[in-house]
Amino acid sequence: MHSHHLFILSCALLLVASVQAQSADQTIHFHATMDNVKPTFGPADPVAHLKPGNFLEANSLDCFGNALQKPGDPFSSVKIDNPLTGPFFLDGAQPSDTLVVHILDLEVDGKQGVGTFGPGFGAANSTHYTPMLEKEPLPERAWYYPIDAEKKLITFEALDSNFKTQFPLKPFLGCIGAAPANGEVRSSLVPAEFGGNMDAPEVSPGNTLYLPVNVPGALFYFGDGHAAMGDGEVAGSAVEVPMKAKFRFDLIKGKSTAWPRLENDRELMAAGIYRPVDDAVRIAVTELIRWVHRDYGLSELDAYELFSKVGHLHLTELVDPNYVVIASIEKKYLPLPLSASQ
Amino acid sequence: MHSHHLFILSCALLLVASVQAQSADQTIHFHATMDNVKPTFGPADPVAHLKPGNFLEANSLDCFGNALQKPGDPFSSVKIDNPLTGPFFLDGAQPSDTLVVHILDLEVDGKQGVGTFGPGFGAANSTHYTPMLEKEPLPERAWYYPIDAEKKLITFEALDSNFKTQFPLKPFLGCIGAAPANGEVRSSLVPAEFGGNMDAPEVSPGNTLYLPVNVPGALFYFGDGHAAMGDGEVAGSAVEVPMKAKFRFDLIKGKSTAWPRLENDRELMAAGIYRPVDDAVRIAVTELIRWVHRDYGLSELDAYELFSKVGHLHLTELVDPNYVVIASIEKKYLPLPLSASQ
Amino acid sequence: MHSHHLFILSCALLLVASVQAQSADQTIHFHATMDNVKPTFGPADPVAHLKPGNFLEANSLDCFGNALQKPGDPFSSVKIDNPLTGPFFLDGAQPSDTLVVHILDLEVDGKQGVGTFGPGFGAANSTHYTPMLEKEPLPERAWYYPIDAEKKLITFEALDSNFKTQFPLKPFLGCIGAAPANGEVRSSLVPAEFGGNMDAPEVSPGNTLYLPVNVPGALFYFGDGHAAMGDGEVAGSAVEVPMKAKFRFDLIKGKSTAWPRLENDRELMAAGIYRPVDDAVRIAVTELIRWVHRDYGLSELDAYELFSKVGHLHLTELVDPNYVVIASIEKKYLPLPLSASQ
Amino acid sequence: MHSHHLFILSCALLLVASVQAQSADQTIHFHATMDNVKPTFGPADPVAHLKPGNFLEANSLDCFGNALQKPGDPFSSVKIDNPLTGPFFLDGAQPSDTLVVHILDLEVDGKQGVGTFGPGFGAANSTHYTPMLEKEPLPERAWYYPIDAEKKLITFEALDSNFKTQFPLKPFLGCIGAAPANGEVRSSLVPAEFGGNMDAPEVSPGNTLYLPVNVPGALFYFGDGHAAMGDGEVAGSAVEVPMKAKFRFDLIKGKSTAWPRLENDRELMAAGIYRPVDDAVRIAVTELIRWVHRDYGLSELDAYELFSKVGHLHLTELVDPNYVVIASIEKKYLPLPLSASQ
């Protein structure tokens, strides 16, 4: 174990200090419309350039491109799934760097959300990737959710019986990512190493997301705003909403991350993204243990044991082409970061 | 949908009133030792008889039969894994009934716990059921955890570096179940339809557990006390402790449950238990949706949609022969139970 | 690597010479009826005792206990699934020995077979362990198959259109096993380390099966005869038939096997049994590689590479509570067994 | 069931008559080198245009770009994995058509093949998508395989002991596919709906492959020649070779296929491609059943039952980012195709 190596890493992941200092405190504004959104994570002409330290204020359309507005609106009016705002080119970002995205603010851009069930998509029905012989598929359905921004409450109204209930507004972004590695371009329905459609409530204000930079400029995208979501997004949708977002960007030079990571004052969070869930868990847990080992100095077995006593596993979604698990541990249970003790 | 049918069910699951009324308020005491514990869930001579309404106060040994007491104690001194206290015969219980276990109190029976890593067991290492070719297995290890019952704090001490941390005491039972169906006898390492080694923190004071009755008397067992555990029990153990437990028992006649369910004032919780996790989720989610549909009157699609917005999935363990997921929903988001509206 | 150790093993697995020599060449006969069949693999009073070297001639009922004989016979008339013939007590067998079963002859005991589809069972429909929300389950169905023993042909007749076809008779036993380890008793629907409902066409005349001995006498069972079966038994059944079987038994003292293995003059075959299939493959492949390494002297990496070039994976069934994969390699691609070179 | 609809389909899938008739019988030649190969399936400038009915003769480099030629050649000399020959633009091909590829001839382009083990890749060791904590990864290794084209034999030589063996040459293409749907670009390591790195021995002379057309011209690629391979390609490679290939192309207008299908005079073969294997099987089996139902007129349940008696499942690989299963049924067990009876 080389403490110099560890120092650089922890310093980078925690402070990103030197880079920020050199960056202007500028805010870039961008307005997404159906004319400039993208259907994929991958190379595309940037809609704007950013510098490390910059702020970005931009909106996203909902996962249906805002096509479903009231009961009866046909699913066929949806032209693109998960239309993405972007890409944004981060000046100076090169492959093997880490893109740092501070999620500063998210605000639902409207007064209602929508949830849908469509046959072939869901965690507990016959789907494209887990097809079942059946007499007849379940029917297509849409639920519309009034959102009270002031009271931070969302209203569910049953379609098949006379029942309403309210639950809290907890906005986050379902899609957030940078261009994939190996020259790949992936649909905005896909979560993977590059982030993407992770549907992780952890992508919310106060958290910082680390993503691998795979192409010059990183090419950052976001979209698929959610006003609230249950674990697993099991019926195939959250409370789908247009969103107004505010981010700040940084760059960690010369260090990459194999999978998306998140962090805040209280927690380290590592994403594992694949199928079956068993493998998503293995990815998330090994990534978190390596993180704790590398930056906090516990041996891998000590970190494994400690996670087995106080760690958290969050099954964020089981409906996209890959499944997502977030493994997290509270920093209060960890040693000081190695960098801090230098 | 037959409202009479629903009335009976909800009434039974929520109130269990008539049965309780007929039962004496007696407390049965039992003391478990290595001489009377059992290695399996299945038929065996009852250690005591109980009547619906009775209380039980009994202890359990830790998952190693209390064999590991200090650093250096050899794993080979463990004579039985997860030794079970029981079985207890519930008078009147017959196949197709539901056993109702109110978990009233759990108290760690000692001043320390132990955690271990053993090669071939764990969520992120080569195991018996997910074997990998490797140069050399990871080594066997044991961590001892002082427990401060007054402050409700547990201390972790790293083996490979100089580090200590404390985390909260949250006692629950790793093993709890009744005899399996179809004449099966299952090792106390196994969770399945009959409950068993579910390693679910939900099996804690304040919660009520519903289990299928598969044999006359149900034959209730418990053990494998945990002072605290991280999600997934990923390294293969929790803070393993002997436990003192207090339960009250009831019986729902003529209604069974396919999989274990839990309930308290705030939540409905359905367990899904199998491999891969994907299937455990499908079981837990479909069971919870059917419960909400049957007893609260939402259509299955409305319940599926609502779960997709406010439901919880808890990955309790991924190391036992089967994996366990608890799907839950808060009652405040549900209609009144159908029985209540009769 | 200890050559002496390897010598004993190979010798035992291949020749079993000394034990046979001491055994009488006697044939035991047994007739199974609904009055003496068993629903589980586990301890039970033996129906007969055998000595190593003995032959056994006995029959088995079909997986429905011969209850379905003609179109219209109700599924409710099935009293027991996979009724097992046995158990047979092998004198001298002790835990940590290996039971050797030479499958000498199988003959369909009747003139027809039956195949069924039942909702909740199958590889590509909603099931007990992979449940799906659906509008309505697929309907129950039965197909009856005339069997021409002389021409060795079976006739399929479609239920929903006017079509018949014939395919070859290839009899094997769906169920074959000894009592499980750890005091467990498992349903005759379950395949696992002890063998059981493996639904492996490899359990056919000319092959030798190795099973772990877990209890004194091993307690051998068989049943669930199949006149023919497609890979995976995907709709939930084979051509189900009563069977007349002839076996010879041997015993390898002091050596056990973790999972079932099969062997004939041409091939080594290792069974992997669990869910998901991914893990069944890992078990089967690592077991076969260890076998080749231990008894034929290739390094594990050489054996892994060679399997990657000439190995076979057979997905025998994906419908039982566990899935079964047989990994095999032809002996002509292996070195001489280490024992032979001593 | 609309017989007119079925007529068109079967006719198209089996005969492709009208399109062929309009096509010239021309042969296009192309020579692949490291300067013109591609690392991904997706849009790229075509290397040549083809018309339906045309023949193509072209070569492919081995999966290492021919960089490993002798013991000691460093893995770091591999510049690109699975370099692809192509893309070829099929004139007239439009999204919703089916690309028909007749595999006419494959000839190993050289006198040896190579197999490798690399840590992080394989079916029974810790990998990128199934990571395990371990003390130390297994070491990197390469095996070189002399190929005798005349005797059609390949020689394996063990690295860790003195042992050689020979096995048959059975050439096929590991990579074959057209541009993916939804604007995606996928690495040449990936198999999916578009074909790709299926590592299916069924992609061999005498078989016809059907692929969905997702972009104008289809954009056909191939590569990753294999001289022979075991089921599952478990250690991560086959006998990797450069290849000379001969194809003929056709086009089915106005009909697409969700997943790759193969066909020859004797069999129908449907590919299922995803993780876990359980889902790959579900895809392959439901696709094959729908094919039999649509084109041969059996009801889905009759086809499911028949597959359960005579169907085949072939696990082709378990090491790529997705796993591949081929479900097949022999035509001699099916009714005449519906088109033939019109």
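Each chain carries a letter (A, B, C and D) given by its place in the written order, and its residues are counted from 1.
Here is the rule we use: a residue touches a chain if its C-beta (ideal position, glycine included) is under 8 Å from a C-beta of that chain, and two chains touch if they have at least 3 such contacts.
Computed from a predicted structure; not experimentally measured.
Chemist: Chains shared as neighbours by subunit A and subunit B?
Modeler: In this structure, the chains that contact subunit B and also subunit A are C, D.
Chemist: Between chain pairs A-D and C-D, which one is joined by a greater number of C-beta pairs in contact?
Modeler: When the contacts at A-D and C-D are counted, C-D has more.
Chemist: Centroid from C-alpha atoms only, then distance subunit A to subunit C, rounded to Å. What do you get?
Modeler: 47
Chemist: Using Cα averages as centroids, what's the distance between subunit C and subunit D in whole Å?
Modeler: For subunit C versus subunit D, the centre distance works out to 33 Å.
Chemist: So which stretches of subunit C touch two or more other chains?
Modeler: In subunit C, residues 122, 124, 130-133, 138, 275-276, 278, 282, 286, 289, 301, 304 touch at least two other chains, as defined above.
Chemist: Which part of subunit D faces subunit B closely enough to touch in the complex?
Modeler: 122, 124-126, 131-138, 276, 278
Chemist: Subunit B touches which residues of subunit A in the complex?
Modeler: By the definition above, subunit A touches subunit B via 115, 117, 122-124, 130, 138-139, 141, 143, 145, 154, 156, 158-161, 163, 165, 167, 228-239, 275-278, 281-282, 285-286, 289, 297-299, 301-302, 304-313, 315, 318, 323, 325, 332-335.
Chemist: Name, in rising order, each residue of subunit C that touches subunit B in their complex.
Modeler: 39-40, 42, 129-133, 182-187, 189, 274-276, 279, 282-283, 286, 289, 300-301, 304
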